[in-house]
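In what follows, subunit A forms one complex with subunit B and a second complex with subunit C.
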Partner chain A sequence: MFLQQFINGLVIGSLYALTAMGATLIYGILGILDIANAGAYLIGAYLGWYIFYATGNIALAFLLSMAAVGLLGVVLQRLIYSPILAKPRTLSIIPLVAAVGLFTMSSDAVRLICGAGTKAYNFKFPVDAFHLGGVTILPSWVLIFALTAVLLLILWFILNRTRMGLAWRASAEDAEISRACGVNTNSAMALSYILGYGFAAAAGIMVGILYNSITPALGEVPSYKMLAIIVLGGLGNPLGTVIAGLLIGLAETLLSVYTKIPIPKDAIAFVVLIIVLLIKPSGLLGQKNKV
Partner chain B sequence: MKKILAMLVALTMVFALATAGMAEAADPIRIGFFAPVSAASAAADGQSAQQSAELAVKLINENGGINGAQVELVSYDDGLDTTEAANIAEKLSTADNVVAVVSGSYSSPTRVAAPIFQDYGKLMVSAYAVHPDVVNAGNLIFSQSFPGAVQGTAAAEFAVNGLGAKRIAIVAVDLDFGTEQATYFKAKAAELGAEIVSEDYIAISDNDMTSVISKIKGEDVDLIYSVNYYAQASEVCRQVALQELGCPILGTEGADSWQLLETAGEYANGLYITTNMNRDDANEGTQAYIENYRSTYNMEPDMVGASVYDAFQVVFAAIEAVGTDAEAMAEYIQNMKDFDTVTGTLLSYTSNGSAVKPVQIQQVQDGAFRHYSEITDAAIINPDSYAE
Partner chain C sequence: MSAYFFSIGATAAIFILLALSLNIITGYAGQAMMGHAAFFGIGAYTAAILNGMGVNFWLCLLAALVMAGVCGAVLGVISLRLQADFLAITTIGINFVMVALFNNLKITGGSLGLNVRKPMLFGARMTNTHFFVLTVILIVIVCLLTVKMRRSWFGMALASINNDAAAARSFGIDVNRYQILTFTIGTAIAGLAGGVYAHRMGFIASSDFAFVISIQILSMVVIGGIGTIRGPIVGGILLSFLPELLRFADNYRNLVYGGLLVLMVRFLPGGLLGEGSPILKLWRRIRGKGVGVHE
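Entry: the complex of A and B
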C-alpha cells in the first residue's frame, strides 16, 4: 500500500511542479510573485475544455490553450507588469497587488462568462485503470507524468541549449548588466511569460482531466500553494521547483494517510516550507538565480 | 409666461400626486435573501439558490402576488463569508425594510446571520443549512429542511439496517456540514452495532480523494459514508470504481446535484444519497417546480434550489395567512401541519423551529437520481429526538 500512496503523491507533486513553474520563471527574471499564474491555470483549463469540446482533439486543446494563454501572459507583461516595474523605486508589493487583482478578476470573469457550474472534460482513455499486483495506476497519471517530463525537458533545453535561454539566464542573473551587454531583456521577459503561462495552462487541463471537472474555483488552491513551492525551491530556480513540487506532493499524501496530524492537508506545504527555511533559509536549491 | 409657469406647476403637482397614489396601491412586500453566489467553491449552489428565489417570486407575482400585493426580492451575495453575512443581515434588517428573510446559504453564514435577524425582530427561514445553531437563534428563526442530526442518523439507519453494513469508512468535508452529520451517523451506527473503521475530514478546497480511497481500500470496508459536496463526492465515486473497492457508497444531500452526474458519469451509478427531494414524487408541486426550473433556466434543478423555493413557500403562506407581523408569522409557521413542499411534506415544526420531514433515499440509476426508499420513523426524523 505504501507504493500506491507513493505514486499518488508523485502524481500530485508533478502537477504542483508544473503549476508553480510559471511563477518560478517569472520570479527568476522579474523578481515578482505572480499570483496571476493561478489565473492562467484556470483560463487554460477552460480554454482547453472549449477546444476539446469543439474538436474532440485533446492534443489540439493542449497546444492551442497553451499558446493562447502564453500570449495572454505576454500581453499582461507588456500592459501591466512592465509599466509598473519601469517606475523608479517601485515597492515590491505593488506588482504583487496587481497580480492578486488579475487573479481575482480572472476567477470572476470565468464564473460570469462560463457559468458557475462544473464542466466535465469527459476525456476517455482506452483503458480505465491498470492494476499491477494491488497497485492501481490510472492512465491520466501516466499522461501527467509523461507530459510533465516532456515539458520540463523542453524547458531545460530552451534555457540551457538556446541563445534565448542564455539571454534568459543572463537577465535573471543581472538584468541591468545584461541590457548593457546588448541582451534583449524584454524578449527574455516575454519568454518567461510565454513558457510560464503556457505551463500553467497545461497544468490546468491536466487537473481537469484528472478530476474530470473544472469550476471557477480551480485556481484558488494553486494561488497560495504555488508560493510555498517556489519559495521552498529557492525562488526562481526551475530545478528547485520540480524537487519542491514533488516533495510537497509526497509530504501531503504520506503525512495525511500515515499520521494523525491535526492540520488540514493544504497546510502541510507551509509546514514543510517553514521547516526547510529554518534549516536552509535560501530554500532547497537556493543559490540565488542559478539555473 | 406666468400662465405657462402656472400650468407647469399644476402639471407637476398632478403628476406627483398620481405617482404617489400609484406607489401606495402597489406597495410591494419586500423579502430579503442571501446566497453564496460569488464564492467560487459554492458558486454553483449559489446560482441554483438565487435562480430558485427569483423563480419563486416570479411565479407568485404572476399569480397575483400575496393578497393582492406584489413581492419584491432584495437579494445579496454573501460570498460564503461570515463577516459579509453579518453585514447583509444588518443591512436587510435596518436599511432594506424587508418583512422576512430567506437564507439560501450554507450553515456558517446562516448561523451568523440568524441571531442578528432575531435581535431586529425579523423572521428568517433557512432553506437547507444543517447546523442546529441556526434555528436555536430564537423564536423567529426557522428551517424548512431537516438538520444534520436527522440526516446523519437516517443515513446510519439505512446503512446498517437497509444495506447491512458492518464495517464503515467515513469521508467527510471539514465543515459544519460534514462534521455535524458524521457525528450523528457515528452515534447511530455504533448503536446499531456497526464499526466505524476510519474517518477522514477533507478541506472543501481539496478535490483529491485518491490517497484517502487507497487507504480505505486496505481496510476492507463494506460501505463508505461520503458526507461531501458534489465535487468531492464525484471523486469518491470515481476513485472507488477505478481502484476497484467494490463497496457501496452512501452520500448526502451535498451530492444531490446534476453536476455530480456530469463529472462522475457512469461511476456514479449505484450511489445512494440521503436528501429531502424526491424527483420521482408524483406530487404536482414537485413536478411543476422541476418543469418550471428547467424551462426558465435551461438547467437541471437540485435540492439546494428546491429547498430555497420551499423556504419561500413557507414565508408566502405565513404572509398570506397572518400578514407581515414577524411574531404572527412565526406563530403561524410554528403551528404549520402537513404543508406540501417540493421537497416532501413538511409534517410539523419542533418547538425550536426545525422542520419535521421524511428523509428520502435516492439512488443514481442510469445516470439519474431515482427514488429508492424513504425514512419516516418519527424517532429518527423528529429533530426533538436529538435535543441535548
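Entry: the complex of A and C
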C-alpha cells in the first residue's frame, strides 16, 4: 500500500518537475516569475489533443505541440517580456503582472475557441496495467516516467555539453558580463522559452493522457503550484526544481492519504513552501546571497 | 437606475478602498504583495463570525480591522526575511492557504459560507446607499491619511526604502519597523473593507477572497497608476464599472481583462494616471502648465 502511494507520488512529482522546469529556466535567465507557463501547459494539452485526433499518432502530437508552443514562447518573449524588462521598473513584480494577464488570456481563449466542456484523450496503450508484488503499475505511469527522464536528460545535455548551454549558464550567472564577453544572451533567452514552453506542453499532454480529460481550467492549479516548486528548488536551479517537484508530489500524495489535515491537497505545496522559506529564506537549494 | 448605481457603486467603493490599501504596501513601500484578498477575507470572516454572535456593527468593523492588521504585522515580520520574488510567491501562497482554510474550517462555515445579518442604522436596515456613503467616507479618510503619511517622516522613510533599502538603512532609517508598520496599516484597511463587504453582501463564501480577487485589486492599482492616490481610485472605478458597461461582451470578460493587463504593463507601466502618463501630460498641456513640470 505504502509503496503504491509512493510510486503514485513520484509520477505526480515528475509531472510537477517537468511543468515547473520551464518557469525555472526562464527565471534563471530573465529573473521573472512566468505564470504564463501554465498557459503553455494548457495550450500544449489542447494542441496535442487536436493533433492526436487528426492523425491518431501520439508521438506526432507530442512533437508538433511542443514545437508550436515553444515557438509561441519565443514570440511572447520577443514581443512582451523583453521590452518590459528593458524599461526601468517602478515595481519588481510588473513582469509577473504581465504573466498573470497572459495566463488569464490563454485560459479564456482556450475556453472560447475549444469550448468549456471536457475533452478526453482516449489514448489506448498497447499493454495493460501490470502487477509487481502487490503494486499496480499503469502504462501511462511508465510513459510519464520515461518521457520525463528523457526530456530532463536532453535538457541536461543541452545545458552542460553544448555551446548553447554554456551561453545559457553564463547568462544565468551574469547577463551583463556575458554580453560583454560576446555571449548572445538573446538566443539564451530564446532557448529558455523554447525549452520551457515545450516542456510545459509535453507535461500538459501527459496530464491529459493520465487523467483522460482536459478542460480550459487545466492550467489553474499548476500556475501557482509551479511557483511554489521553483521557489523550493531555489529559483533558477534546474536540479533543485526536479527534487522539489518530486518532493511536493510525494508530500501531497502521502499527506492526503495518511493524515487528516484540514486543507485540500492543492494547498499543501504552499504550506510546505511557507515552512521551508521561514527556515531557509533562499529555498531548498538556493544560494545564500543571490540578490 | 439609482438603486442599480448604488448596488454597483457600493462594491466599487469597497474595491477602491482595497486598491488604496494595497497601494500603501506595493506603491509606497514597494513590497510585492500578491495576496491582498486573503486579508480582505480575514476581515470579512472576522466581522461575519462576530455578527453571528450578535456583536454591534461598528465593533465588528473594528475587530475586522484589528484582526487583519495583526495578521498583516506577522506577514510584515516574515517579509523582512524574504526578497521581492520570494515575498510575491509567499503572499500568493498565503492567499491559497487562507482560502483553503475558509473553505474547510467549521468556524468559517466551510464550503457553505456564512450568512450575515444586515446592520441597523437609525432604526432601519442599512441599504446599498448607506454602504456606499459609508465606504466613500472611509475612502476619503484613507486618502487624507495617505496624503498626511506621504508628507511625514514615515512617508519619506518609505520612499527611501522603496528606492534603496540598503542606503536607507545606512542613513539610520529603521527599515524593519517601517516595513512592518506598512504591512500592518495596509492589511488593516483591507480587513476593514472586508468587514464592510461582509455586511453589505449579507453572505460570504471562500471564493469571494480567491487569488483572482487579489489580481483584480492589483490590476486596479497597476492600471490606474501605482504609487499615486488618484491611480487606485480611477483604476477601481474603471475596473468596477467597465464590466457593467461591457455586459454584452460578458463572455469575453476575462480575455479583455487579461489583455488589458498585458497591454498596460507592456506599453504604460506607470499606469493611466501614474508617472510618465500621456493623459496627464496632455492634461497639463491643456491647462498650460507646460510639460515636464514635476508634481
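The rule we apply is simple: the second predicted complex is superposed on the first by the 284 of 291 C-alpha atoms of A that agree within 3 Å, B and C clash if a C-alpha of one lies under 4 Å from a C-alpha of the other, contacts with A are read in each partner's own complex, and residues count from 1 in each chain.
Going forward, a residue touches a chain if its C-beta (ideal position, glycine included) is under 8 Å from a C-beta of that chain, and two chains touch if they have at least 3 such contacts.
Predicted model, so just to flag it, every value in this text is computed and none were measured.
A.B. asks: Looking at A:L227 after the superposition, I want to know if it touches subunit B, subunit C, both of them or none. Which is it: first, second, both, neither?
C.D. replies: After superposing on A, A:L227 lies in contact with subunit C but is clear of subunit B.
A.B. asks: Return first, second, both or neither, reflecting whether A:G208 touches subunit B, subunit C, both chains, or no partner chain.
C.D. replies: Neither subunit B nor subunit C is touched by A:G208.
A.B. asks: Between subunit B (first) and subunit C (second), which, if any, makes contact with A:I94: first, second, both or neither?
C.D. replies: In the superposition, A:I94 contacts subunit C only.
A.B. asks: Contacts for A:L277 in the overlay, against subunit B (first) and subunit C (second): which applies, first, second, both or neither?
C.D. replies: In the superposed model, A:L277 contacts subunit C only, not subunit B.
A.B. asks: Go through the superposed model and pick first if A:A217 touches only subunit B, second if only subunit C, both, or neither.
C.D. replies: first
A.B. asks: Would you sort A:G245 into first (subunit B), second (subunit C), both or neither based on which partner it touches?
C.D. replies: Neither subunit B nor subunit C is touched by A:G245.
A.B. asks: Please name the chain, subunit B or subunit C, that touches the greater number of residues in subunit A.
C.D. replies: Comparing touch counts on subunit A for subunit B and subunit C gives C.
A.B. asks: Now for A:N122: first (subunit B), second (subunit C), both, or neither, which partner does it touch?
C.D. replies: first
A.B. asks: Please work out whether A:S256 is in contact with subunit B alone, subunit C alone, both, or neither, and reply first, second, both or neither.
C.D. replies: So A:S256 only meets subunit B here.
A.B. asks: Is A:P264 touching the first partner subunit B, the second partner subunit C, both, or neither of them?
C.D. replies: Touch partners of A:P264: subunit B and subunit C.
A.B. asks: Do subunit B and subunit C touch any of the same residues on subunit A, and if so, which?
C.D. replies: Shared contact residues on subunit A (touching subunit B in one complex, subunit C in the other): 107-108, 264, 266.
A.B. asks: For a test of understanding, state which residues of subunit B touch subunit A in their complex under the given definition.
C.D. replies: Going by the criterion above, the answer is residues 37-38, 40-41, 43-44, 46-47, 174, 202-203, 205-208, 210-212, 214-215, 217-218, 230-231, 234-235, 238, 241-244, 259, 262-265, 299.
A.B. asks: Which part of subunit A faces subunit C closely enough to touch in the complex?
C.D. replies: Those in contact with subunit C are residues 27, 31, 33, 80, 83-84, 87, 89-98, 100-109, 112, 224, 227-228, 231, 235, 262-264, 266-267, 269-271, 273-274, 277-278, 281-283, 291.
A.B. asks: For the complex, which residues does subunit C have touching subunit A?
C.D. replies: 26-27, 30, 32, 34, 78, 81-86, 88-90, 92-94, 96-97, 100-101, 103-105, 211, 215, 218-219, 222, 226-227, 251-252, 254-255, 257-262, 265-266, 269-270, 274-275
A.B. asks: Quick one: which bits of subunit A touch subunit B in the complex? Just the residue numbers, please.
C.D. replies: 1, 4-5, 8-9, 11-12, 107-108, 111, 115-120, 122, 128-129, 131, 136, 138, 211-213, 215-217, 220-221, 253, 256-257, 264-266
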